[in-house]
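Letters A, B, C, D, E and F mark the chains in the order given here, with residues in each chain numbered from 1 onward.
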Amino acid sequence: MTESPILCSIDLDAPGKQVGQLQVPRSSNMAGWSNQYVPIVSIAGGDGPTAVVLGGVHGDEPEGQIAALNLLRRLEPAEVHGRLIVIPCVSMDASLEYSRLWPSGANMNRSFPGSPDGSPDEQLAHFLSTEVFPRSEIVVDMHSGGRTGLCVPWSEMHWVDDPEQRRQMVDGMYAWNADWCCVYIDIAGSGLLVGEAERQGKIVVSTELGGGGFVTAEIHRLSISGLENVLRHFGVIEGEAVTRADLGKPEQTLLMATERDNYLLAPESGLFETFVDLGQHVSVGEPLGQMHFLERPDRAPEVIESLTDGIVCSVRAIATTDQGDNVVVVAREASRSELD
Amino acid sequence: MTESPILCSIDLDAPGKQVGQLQVPRSSNMAGWSNQYVPIVSIAGGDGPTAVVLGGVHGDEPEGQIAALNLLRRLEPAEVHGRLIVIPCVSMDASLEYSRLWPSGANMNRSFPGSPDGSPDEQLAHFLSTEVFPRSEIVVDMHSGGRTGLCVPWSEMHWVDDPEQRRQMVDGMYAWNADWCCVYIDIAGSGLLVGEAERQGKIVVSTELGGGGFVTAEIHRLSISGLENVLRHFGVIEGEAVTRADLGKPEQTLLMATERDNYLLAPESGLFETFVDLGQHVSVGEPLGQMHFLERPDRAPEVIESLTDGIVCSVRAIATTDQGDNVVVVAREASRSELD
Amino acid sequence: MTESPILCSIDLDAPGKQVGQLQVPRSSNMAGWSNQYVPIVSIAGGDGPTAVVLGGVHGDEPEGQIAALNLLRRLEPAEVHGRLIVIPCVSMDASLEYSRLWPSGANMNRSFPGSPDGSPDEQLAHFLSTEVFPRSEIVVDMHSGGRTGLCVPWSEMHWVDDPEQRRQMVDGMYAWNADWCCVYIDIAGSGLLVGEAERQGKIVVSTELGGGGFVTAEIHRLSISGLENVLRHFGVIEGEAVTRADLGKPEQTLLMATERDNYLLAPESGLFETFVDLGQHVSVGEPLGQMHFLERPDRAPEVIESLTDGIVCSVRAIATTDQGDNVVVVAREASRSELD
Amino acid sequence: MTESPILCSIDLDAPGKQVGQLQVPRSSNMAGWSNQYVPIVSIAGGDGPTAVVLGGVHGDEPEGQIAALNLLRRLEPAEVHGRLIVIPCVSMDASLEYSRLWPSGANMNRSFPGSPDGSPDEQLAHFLSTEVFPRSEIVVDMHSGGRTGLCVPWSEMHWVDDPEQRRQMVDGMYAWNADWCCVYIDIAGSGLLVGEAERQGKIVVSTELGGGGFVTAEIHRLSISGLENVLRHFGVIEGEAVTRADLGKPEQTLLMATERDNYLLAPESGLFETFVDLGQHVSVGEPLGQMHFLERPDRAPEVIESLTDGIVCSVRAIATTDQGDNVVVVAREASRSELD
Amino acid sequence: MTESPILCSIDLDAPGKQVGQLQVPRSSNMAGWSNQYVPIVSIAGGDGPTAVVLGGVHGDEPEGQIAALNLLRRLEPAEVHGRLIVIPCVSMDASLEYSRLWPSGANMNRSFPGSPDGSPDEQLAHFLSTEVFPRSEIVVDMHSGGRTGLCVPWSEMHWVDDPEQRRQMVDGMYAWNADWCCVYIDIAGSGLLVGEAERQGKIVVSTELGGGGFVTAEIHRLSISGLENVLRHFGVIEGEAVTRADLGKPEQTLLMATERDNYLLAPESGLFETFVDLGQHVSVGEPLGQMHFLERPDRAPEVIESLTDGIVCSVRAIATTDQGDNVVVVAREASRSELD
Amino acid sequence: MTESPILCSIDLDAPGKQVGQLQVPRSSNMAGWSNQYVPIVSIAGGDGPTAVVLGGVHGDEPEGQIAALNLLRRLEPAEVHGRLIVIPCVSMDASLEYSRLWPSGANMNRSFPGSPDGSPDEQLAHFLSTEVFPRSEIVVDMHSGGRTGLCVPWSEMHWVDDPEQRRQMVDGMYAWNADWCCVYIDIAGSGLLVGEAERQGKIVVSTELGGGGFVTAEIHRLSISGLENVLRHFGVIEGEAVTRADLGKPEQTLLMATERDNYLLAPESGLFETFVDLGQHVSVGEPLGQMHFLERPDRAPEVIESLTDGIVCSVRAIATTDQGDNVVVVAREASRSELD
């Protein structure tokens, strides 16, 4: 079977502003004939490129959901040069539970490229992969560290091999104007949304806008300003993109977290105490934190030491920790020219 | 792998009456070596055609289960011209929980054609698709609206392209002698049992024998009388089939619910109040019901209007409603000649 | 401790129309400091008596919730002679799950008179018992058979010993103008809301407005018309109360279900098939239904016979049945004079 | 019954350092005869007063657990003038799940004064109330905002009527040397640990050391330094207590959050966006945040305005919000002399 | 409230054999009006004493349930000198789940003496305490180690102070003719069934008939033969009681497990490996087993040593072990004269 | 995708003793970036063959886990002629819950050969199938009957067609020196670990070391002695393998359980009582046990009779039984020459 079972209630190729929904077939004990609605908004105003803006791939990352909601409500077609397709919350039920995963246990960010006859997350991934991404030049996927990860707010990218695609993605990453940019690898599985968009050659811009499950007003401001600046940068919405220099700010710090040694994992289950805070410089062998064991308060904690020199860009937000959970990310500071 | 792991304890090709079970491999925390039993009865008495009779594909639809149980207990081979294979309850554990889905979350009516090395529902679907349906000419799958859907009791069919198959299915549909017949489409996914049987060219007769999770004695009588009349119509069991005219009743009303606009979905989660009852004629734009919002008793309800002229043939049985749940089906009245 | 921890956001003794909520302290994993809101509306317009109108004590009984919502939205103080206190949904979280019980497992209708330092349901029961009921002369508690019980729609009462209280309750019961009235006993526990109101000497009017979990438009009309007529009868809202004779209808049928033999319980777990429908007359020893056993389709069903002569006024709505579940209620027809 | 079923494996009245556990009877499906262990450490070294130090009353508040573990491991009797009784984690199973409540649903901080024949949380509360608190002069109960509440880190107290007790508690609160002190009320129930200790006339010192479920290294440093300074202030451990002046810091800001209007609750369920950050001054009527409604992205958000002038001292950490959840606390700045 | 809400369908004071049930009020989401049935059988045939025989107080202890079922089916009034009241399975739903506790989490053996307006387990305990025990002279409560505890099969008793009651209980304990007798204490809570029966001065005979959740045919034989011999010993059923000497067996070994040191608890959560088997003699300080730590296979196991000399009479059956779980019971061998 | 996402932290081809872990990508609500650790130990000391030793494929079978842990801790490279790869617990989370299945519901022993982009159990199966088994000549997979099955302790094998592979497997099976050897078939599904290893031509040695969920010290001794003797037999570790004759024991009894009739399944759900014990000889038609029905204590039990002559080698350990659960295995005694 190759046709998507998902119905889109709006015409993604029509001009103007349309508010509708993706209708994902659903059959539950509480509704025999039903469709899960995933809101989708299209705002098309001219001949510019198309950007897809996605929030809420993970339900415990509200930054992007709220930035997208605020943007879609106030933006009118006259302000859009090209086309904007906004899905403010991809994982509706996960957002309702404020959880990373869907109630089914599915991680939407491990479901790509999806399948038209798979589980609902795979059906939705397939629709995005086959109906939405192909209509766009730019894919913006807003993430944060979620409930369990504190991150310095950064915009991010995978290393992609195509030089032109990579150049555009670097530009997009820098256009967010956060204090930090980061090149990262996946240490907890495959099937990511951005991976599929990259495979299709799209200019992918992603973020980790803080995290820990909470959002400050300051982060909300960075989310919306960065999102709009990226869209201006690529000519999707009206207005001039600005640089950090324009704003009187120092250049972004570029972080490389492309080795497995950048990601420290807990050696044993216990209660994690961090010794370091976000943005702090650390050296190889420096203690980053320790695991306490509540059942044996007299047992000496297990100390975790850094495997590299670098900057602490992520710290586990939750003290209760299982063996193998990432507790600290130490990234290497790099210069932008490394990405050429 | 192509062989089914399911064992059938009876010989489906032997004459006489046999009561046995399908044994579906199961390994749980409460039983390392185990088989789920799905009762199956074969009653073969002559040279006529074979009909498969299925109940309980959904666990909250007892009408068919009880009709099948009563039939299989009292029927003897001498009364059967051909062969009857009865599976009174396909979804045993769902019936035990009185739920549409299996405890695993599987919707048995989305599992076809199934797979011999998939999950247990897929294994069972595969066995039916490869071992049971091919032995038959007629497949009778008894459904109702289940816990969440009130339906006027109807017999039903999909539109199939083959004219001869369609003609026979129309005849079978009418032979149930319910007040209503309905041609419908699937709006909540694929993988239906009847779809696979249709694909195999079988004469498929299905029903929605009321619903709402409850069954009246009147519906029980319609279930067994309709089932037996269909089986007589096709010469599977002895006796003459009767028509509604024979019974002094007016002809069946034929309903067409073959457009998505026939199926009204809730625009927002809330408490649904119907304005219309089963069998009522409504017009385009007519209010069918409204959504209340308990958290804000002062908020005006959201009214749902009909998108077509027609007859109300299904109303959501449960007031608590999620966005996207089907709340009303408005079908178009048609004449039997449309099905030729 | 004797003071309620519940805050009422409106002044129940002030004139005019106020929409507010009861705030029940709540501390959960998703909110350390929180209050469960239970909407409450007061509409006071004159010197007449006070009626308390309650819906949604059980979450799977939406009739009263919707009647109360519709009433409270349209009613203005000028139409109220006395005072109306409306709590459209006592059990908010149960309504959200469409379940009889609270998610905690509490049956709100077994929590009276409650306690200020008990569980939240007991706190809410205590607030109603000490702050709401004492302000009223009339308590209207709208129920139905809920998901599991089909009832002929009736208004109902317990037998109370005080003749004047009983006389007023009989009048209130008849003022609903349903086809049926019923005097009942409690066979599944104590702690009922109406029991506490009766103990305080209030005129208690209650109902079983159908049931089975579903509501027809016809039942919605009966719910609101009956509620308004009762309020008019007691002079709480303007307008003249009408009788069934005024409406050209025959007198209500009075049912007595005051003996344990009126309530038939399932002798063994299985799948229940009813032989009788609502309103049907039955005799002692008459088969009312039977239990099927899915694991053993060849086992003869267990027949349940009536223990009394009478009218079937309630039938279990769900086929899957546990030993000890009530499957049929057979009530004795009586004349109104028995209640003097 | 008046005797506690809980066994303490160490002699709380013996000198020296002892590491043991409270043994709370437990009988589960995985262990018929069992005791839940709650670690307890006693370090007694002289004639000074006794302080009880408690962490982990809520499982999603690790600050106090880790400060207590670090303190108890390094402290020796020679450094203690009086006696220190440390229970680093009162709610062991909640800490394992990183949840506010026990797996049973009990909120340990609503279980006091407890009961010897109640549920395990009540048994433990009773043991603390009858065997531990009476042995002490000072009770230190370390909390934070937990998973759902971001707080400026503060030390705190209830207003108590006894002037001498209040004076000592004010001194203890200031001795933590956090930037903020706060006098608060309970808006989500009764039965708090500190309430029982206050009722016994103890000097109670409590905190909200940040929150949001995460802990920075900076907060860990404040937790241990504050705890030790308080213990020094009361002469329980050796060393001189210091003041913020000694540390070259400005005086603590005193916050009064003693009115219900200080606590803003969500008017409807939705996705909360804060407009304000911790420490920010706001005025009556100033928008503090707004609720978004994901199902209806086009619906205007519901704005929440401040009911008082003051300082934002707590913001809900989780965007997904139920009606009635506390979203912001705006406290009034006050001077220390108000507490005399 | 002092009257039990529980109805007994048979007359416990009538002669002859009656099979009925206790009806415990139940109101669930699947049945609004319902009663939990607990089977009860009375067999009265003469002037002898009354014995109450109870099985299945814990759902994972089937020995007593099956012995009681076999006994009640074959025994006729003519074989009973006095009266036998048999409740073969007190905890029906726990038996269905094969779990120690009720699905509600209640431990039926911690619910005594119960309460008529408590939870269902407390209501049932109250009925037994007030309606059943007072009718009897002898109470036989059959237990085993259940899923988590392997025990040498023994009959058992608490030490009771009344010499005559104690003498009779010793005789009853010995009359079971198991290889072992045991005097024990409660280390995991109070509220036991036997405690209430002892308080009422009844002759209480209890057992731990093996355990580990499984039952061998040999244990089934011991269960029924012991039960019958005890009933013969007290003159409740016909026939001569026999002694072990009569059977050519050596005298029972009497075990005293009356000190907390007899019960070894796991010092830390992990995987328990026993070094000793049932019936083995051990000495103080002898290693009994060790805890392994799967996350750290290189960590040395924690060895658990005996605190007393004695005989191993119980070993934890489940390797996965939480801190505080009982892993071994080492009892002291004693002579019967100690019990005088 | 063909590459495994699993990282092995040690070099399986390096000499010496290494303790590390398999890192299986995991993304949960409690850890966005995480890896499940599965401990793995390599001990390589010479030119001999490689054996893989696996425990804990099922979480309720601790025998193999503990034997493997004890072996890996004490064994040094000097004692190993070839290479030993030990995974003491394949199903870590199942072991933590002491359950057969993973918390996800996966049966690790139905997941082979696995898939690199399937669920975590399939990823782990794929890693074993592609990275671990190919490095070995011998695969030792230690099982027992688990919680639900009592087995006479035996070593076992599937019949494989290749004579040389079969000969070596027979030798390995006999080298365990248990009292029993067994040739068995799979009646509850496919996808077994040993099946994949056999398909690769490995010498597979497996066991059912007792079961019932419990382990005696005697069984622990058999587990480690058998495991070491097998490893010596194949020249993997130093020392001479011994035979039962060397130990003064009679030859192993060989059991054939290769027909479906050897496996008796429960005909109906109920409470199972065994009439037979392990090792007992039975005849066709002999009653093996019976099912009791607690709801109807007066109903005659359903007797289960043997379908073959043979020896009882497995009995269901849990009385509560579902229809279709295996209750007894009766195997045929055979002579070793049958396996040639």
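Just so it is clear, contacts are C-beta pairs under 8 Å (C-beta built on N, C-alpha and C of every residue); 3 or more make two chains touch, one makes a residue touch a chain.
The structure displayed is predicted, hence computed values, not measured ones.
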Any chain that touches chain E and chain B: A, C, D, F
Which of A-E and C-E has more C-beta pairs touching across its chains: C-E
Taking each chain's C-alpha mean as its centre, the one farthest from chain A: E
Separation of chain A from chain D, taking each centre as the mean of its C-alpha atoms, in whole Å: 34
Rounded Å distance between chain B and chain F, as computed from the means of their C-alpha atoms: 44
Per-residue overlap in chain C, given as positions that touch at least 2 other chains: 30, 37, 98, 147, 295-296, 318, 320, 323
Contact pairs between chains, per stated definition: A-B, A-D, A-E, A-F, B-C, B-D, B-F, C-D, C-E, C-F, D-E, E-F
Chain E contact footprint on chain A (complex, rising order): 268-269, 295-296, 323
Interfacial residue positions of chain E with respect to chain F in the complex: 19, 37, 39, 41, 59, 62, 65-66, 69-70, 72-73, 88-89, 92, 95-98, 147, 150, 212-218, 220, 271, 273-278, 292, 294-298, 300-301, 315, 317-320
List of chain F residues in touch with chain A within their complex: 1, 5, 7, 21, 23, 25-37, 104, 117
Partner chain B, residues of chain F touching it in the complex: 58, 60, 99-101, 105, 107, 109-110, 145-149, 187-191, 260, 263, 265, 316, 318, 320-326
